[in-house]
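Several structures are given next for inspection.
In the two complexes below, chain A is the common chain; its partner is chain B in one and chain C in the other.
After this line comes the complex of A and B, so read on.
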């Protein structure tokens, strides 16, 4: 007697639901089309709108609805199983419950100068004294600090590196196809595999410590403990981050380089420009739209980093990346309301930084068509 | 053309429905966190149950990755997911959310001596599944923490092996004597004990007479002298260069891996762990050390249960059938996993029959099982646990606070008690 009723029987209800959803979407598309035709819309336009209907439905259900719901949930206490309870700004108040204290001596404990139940986020010692920032939700602000510093350090370095790689890949050298594939390879590797590989490489007896042994032996006998030393965790994450973005960003910049008209370089040469002048006054301005695009996407990606935090643990004092903290708050502690509030703060920071980059673009991004019109 | 399309679609659907219609016995699904090997062993139990009944057919749907995220989302969407789930002790807190079926009625007539006989379970383990007079899960494992020790390291240091009646003082004496610089390079390379947050501090707190939460779940007396005595002893075993490796070394070399590599002399682990069958290592097992004055040898029991999804269609239409299947599955697991949470099965013979590889350790494990205790799980336990770890246990063990345990306990207690309300 067979004991397994079979995968088809087990998953049949799901299969039927999928088919019904597909039929339902098809019916809606037909209705959208018919209504437009009835209203006198041209056949071509009606077909186009009918064909994008599935995407619009998906966007409304899976994006607009969920984003709106998460905003609502951020004002509630919600654990998935009970109806959300409206608490107004309660979650935000808890997150922004911060304090500041002045240290009278280096020996003074942070807890003596911070508000009750607040933990230290930043302690700065100046001379015999100093100051300390603390918060009730210290883990959130420590994680925010780590995420922002990571983004501010890794994004410019990543862009500079990607530009360098793109310039090299733009040369006429032997085996160019091989080099391009090699540099793009990190971008197609799964992030989880990359995280695990780097974790192994950065381990105390890993390849990085082994290769740099002569250097650290000069200063100290102790090999660096990359992920457990609070001072080294960030540099390690930046190095890992750079490895991945070089390839992906380089491809976009390489396409930008290929699009720069050769006549501009020839004209610059006739005017007596050297290589640096051509790079500074032709390459960079002409490449600035691609750099701008990379800057925006890299900044957003750096602030939303997730896989590294999931697979590489950091000490409590360093914090973790905000997205991972949000995930833990939501699915480990089941504080969906608080997790939503954290997510919205992160979103607002991302929006503010993106807006800042957009505003700055008018000073350094050159759009050929725009200037020609002017 | 249109007509032909409709005919083909209907024919395809009927073909798909055919096998389902032909199936008489209801299908009962169970989701677990089992990986490949564990799932294969569990399938043998299911096959045997399915072969002996015509009432239902059980189908195992393992979710080996991100188990609780998936399960929570399934439970939050009524009518979706499996009919049954495995739940560890911490996640049994969901019993307060109405997502598990109350088993009281269907277990009332369970055969005495069967897995459905609630009087046969260790009361502390069963309590994890109880909520407001109801019973929401059947425990299938209660794994007490025991001490594994490396015989070769004891012998090399000229020490007698620990005995079942050893105390905290003996334990610390051994740990100090076994923390050594074996190659004479000025750096410690062997430690007496290892603690990175595991084992849990409750073992020593309970032994000293302290409590994490009082009986009626209204107080968290973590500032009591008994609690602090146990907790301070626990702290003295963690990241203390005299007896245990630092956090960095553990992060670098692995926790259990250090014991398996012969660099740790004593390790507290679950009774089912494979530490006593590491190739090339001669490992003994004893219960955890006792409090020197109270003599208590209480130990922590990691436990897990099987629950029924209250919103599954079968739970609505035929709860007794699900209950029968639950009892059959639990009975099977009690003869597979160690340690069985049933008092009548707390014998060396039963343990060895379930796991022959544990024969040499069976006596110590069964002795520990008599003193095991589960965490006091209540509806808001996740938040309580988070506050306890992030505000008290974590800062103290990681040395991230300049407050003493007593000072911090007084400060954190009100916050903990807020989560009890």
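After this line comes the complex of A and C, so read on.
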């Protein structure tokens, strides 16, 4: 524990530097403007460029430079104390040191391929045989699996739930403002508080086990241990995630629903369309830009879960959310190089998924009379 | 269905009740039932948090669900700070709230001010490379924070500013929130050009136009962003956990983690204290949300509907 320098000594220097930086940013903007004018750039263009300069600086330092550094570090071994040591693809080799194997019989607990240093990540048994997937960096792939499965389950469920609630709210209900405010509340709650609150509710003698007592009493006499049971941890996380987002997403979708012109429904009625046909051929296409936006943002958010993992411990066999795992690799274990390699794999997965969603949008997202891209 | 029913009923010429009255009523009842059910799912955890924060330790693990604490102990809210001070002297309520507010307010002002300037530059002026840079800015949303975290930490370490509030405050002056720039740009684009042109003819310079014409016009979106930004910075956990290591300097989010790890370990987690802290951390954002809910919800909708 470091010593406390006192309130004033922590606030004042930062405040002074804050003001100096603010002045500096202003000066740089003026210089950027003057230089352009001197070079004969039109005043309008010079002003525009000068105005976006703060972002450009931030982008270069906090995005371009950091991403470049991260890529470089991912090819090194670095623990803060000695300078980074170039090891080429070493980190990636260790991460991708994986093996597949088939199970010949049920008894074959650890098949040959996993015998030495690989531990099992996924095991599927079909009849007498089956297959098994193992890796040297088992905790990374377990966490990656948890994170990806979490995203694949919670994002579609959350979107469907949000759409359902938005459709309900669109039925000319009384007190719309009240419902909107109510449903949006979980999104305001600090992630830290959400994590602690749900850990308490899911704890062994917590409210959820008390309320569901009649159900689990049927099978066992033991209350379920949500976060330590390999089968229950994921459902518990999904429940927390759904609680957090479905209300906020439904408020966004509701605004989209309200924007659908009534004439379209009337025209559909005249053509003899039933409720389902209207939903399928009017509501969904018209709402598709909002659904698309929601899909992209919630996928990215689901792959970046951090606080839940920081406050809720799960056993090694379950894994944790990959962002928290990477954080620990970097700042608890001080393997900055390995952590960077892991982060890059995550980045590539996020980019691939986003690209996939964007690609698919050509087939299902409908922009009304606009050529503008989302 | 619904539209037909309501228009028919409100039409004075058709006094006779229409035949589909009964299914309509059942339908309405069903809708409200579902809405109330969803509402209960949303609200019960909140109520449980507040209820727990007012309980004595022996009311925590009773095996019953009691929402009304008996006896209720509001002293938990004071005691939790005494417990924290007993571990780290000087970790008082005032200090921790002060830390949180210091970070939140500086970051919020930096964010709003820089984002509005950048959005102004991206929307009201024509220059080559504008769309390319704007596209790049939107693309940065996809970069997971974890990728830039190690290098950012190394930068601040190099600058000798670890364990200060600098990494959490003044980088906001460089428009670190692309979403806010995007929201404001959408708003700027909707302002008619004539207003600016008239001002230019009157001899106003860019700073004057920005300050006297643009800022008042974008006030609704500024307020929305202020609210969103306050919430995001107040709730921030990933930044402080990386940079702040002295317990007395912790913002609320880290103080909660500190309590969880140092005082609530072992057989009997002190949920009444932790829920008291959670309630304290939630109260200001929730209050702000209730006061400015219109801005909150609109701010989000601009992004979604126009995006």
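Heads up, the rule we're going with is that the second predicted complex is superposed on the first by the 342 of 374 C-alpha atoms of A that agree within 3 Å, B and C clash if a C-alpha of one lies under 4 Å from a C-alpha of the other, contacts with A are read in each partner's own complex, and residues count from 1 in each chain.
Heads up, the rule we're going with is that a contact is a pair of C-beta atoms (placed from the backbone, for glycine too) under 8 Å apart; a residue touches a chain by one contact, two chains touch by 3 or more.
Everything quoted here is computed from the prediction, not taken from an experiment.
Shared-chain residue A:34: touches no atom of chain B or chain C. After overlaying the two complexes on the shared chain, residue contacts for A:217 are found with neither chain B nor chain C.
Legend: residue contacts after superposition of the two complexes on their common chain; A:317 is shown touching chain B, with no touch to chain C.
When both complexes are overlaid on chain A, the residue A:228 reaches chain B alone and has no touch with chain C. When the two structures are aligned on the shared chain, A:203 is found in touch with chain B and with chain C. For chain A, the partner that touches more of its residues is C, with chain B and chain C as the two candidates. Once the two complexes are overlaid on the shared chain, A:16 sits against chain B while remaining clear of chain C. Legend: residue contacts after superposition of the two complexes on their common chain; A:331 is shown touching both chain B and chain C.
Within the superposed three-chain model, A:280 lies out of touch with both chain B and chain C [touch as defined at top]. Shared contact residues of chain A with chain B and chain C: 1, 3-5, 10, 15, 80, 203, 205, 331. Here chain A touches chain C in the complex through residues 1-5, 7, 10-11, 13-15, 17-18, 21-22, 25, 29, 44-52, 54-59, 61-63, 65-67, 69-70, 73, 80, 165, 168-169, 171-173, 179-186, 188-193, 196-198, 200-201, 203, 205, 207, 210-211, 243, 247-248, 251-252, 255-256, 259, 262, 275, 289-290, 293-294, 300, 303-304, 306-307, 310-311, 323, 326-327, 330-331, 336, 339-340, 343-344, 346-347, 350-351, 354, 374, going by the rule given at the top. Residues 1-3, 6, 31-32, 34-35, 38-39, 41-43, 45-46, 48-49, 52, 61, 63-65, 88, 90, 95, 98-99, 102, 106, 110, 114, 117-118, 120-122, 124-128, 130, 133, 136-137, 140-155, 157, 163-166, 169-171, 173-176, 181, 206, 231, 234-235, 237-238, 241-242, 245-249, 253, 256-257, 260, 269, 271, 274-275, 278, 281-282, 285-286, 289-290, 293, 296-297, 300-301, 303-305, 307 of chain C touch chain A in their complex. Interface of chain B with chain A (complex): residues 13, 16-17, 19-20, 23, 27, 29, 46-47, 50-51, 57, 59, 61, 68-69, 72-73, 75-76, 94, 97-99, 247-248, 251-253, 382-383, 386, 390-391, 394-395, 398, 400-403, 411-412, 415.
The touching residues of chain A, counted against chain B in their complex, run 1, 3-6, 8-10, 12, 15-16, 19, 79-82, 109-111, 116-117, 119, 139, 203-205, 225, 227-229, 313, 315-317, 331-335.
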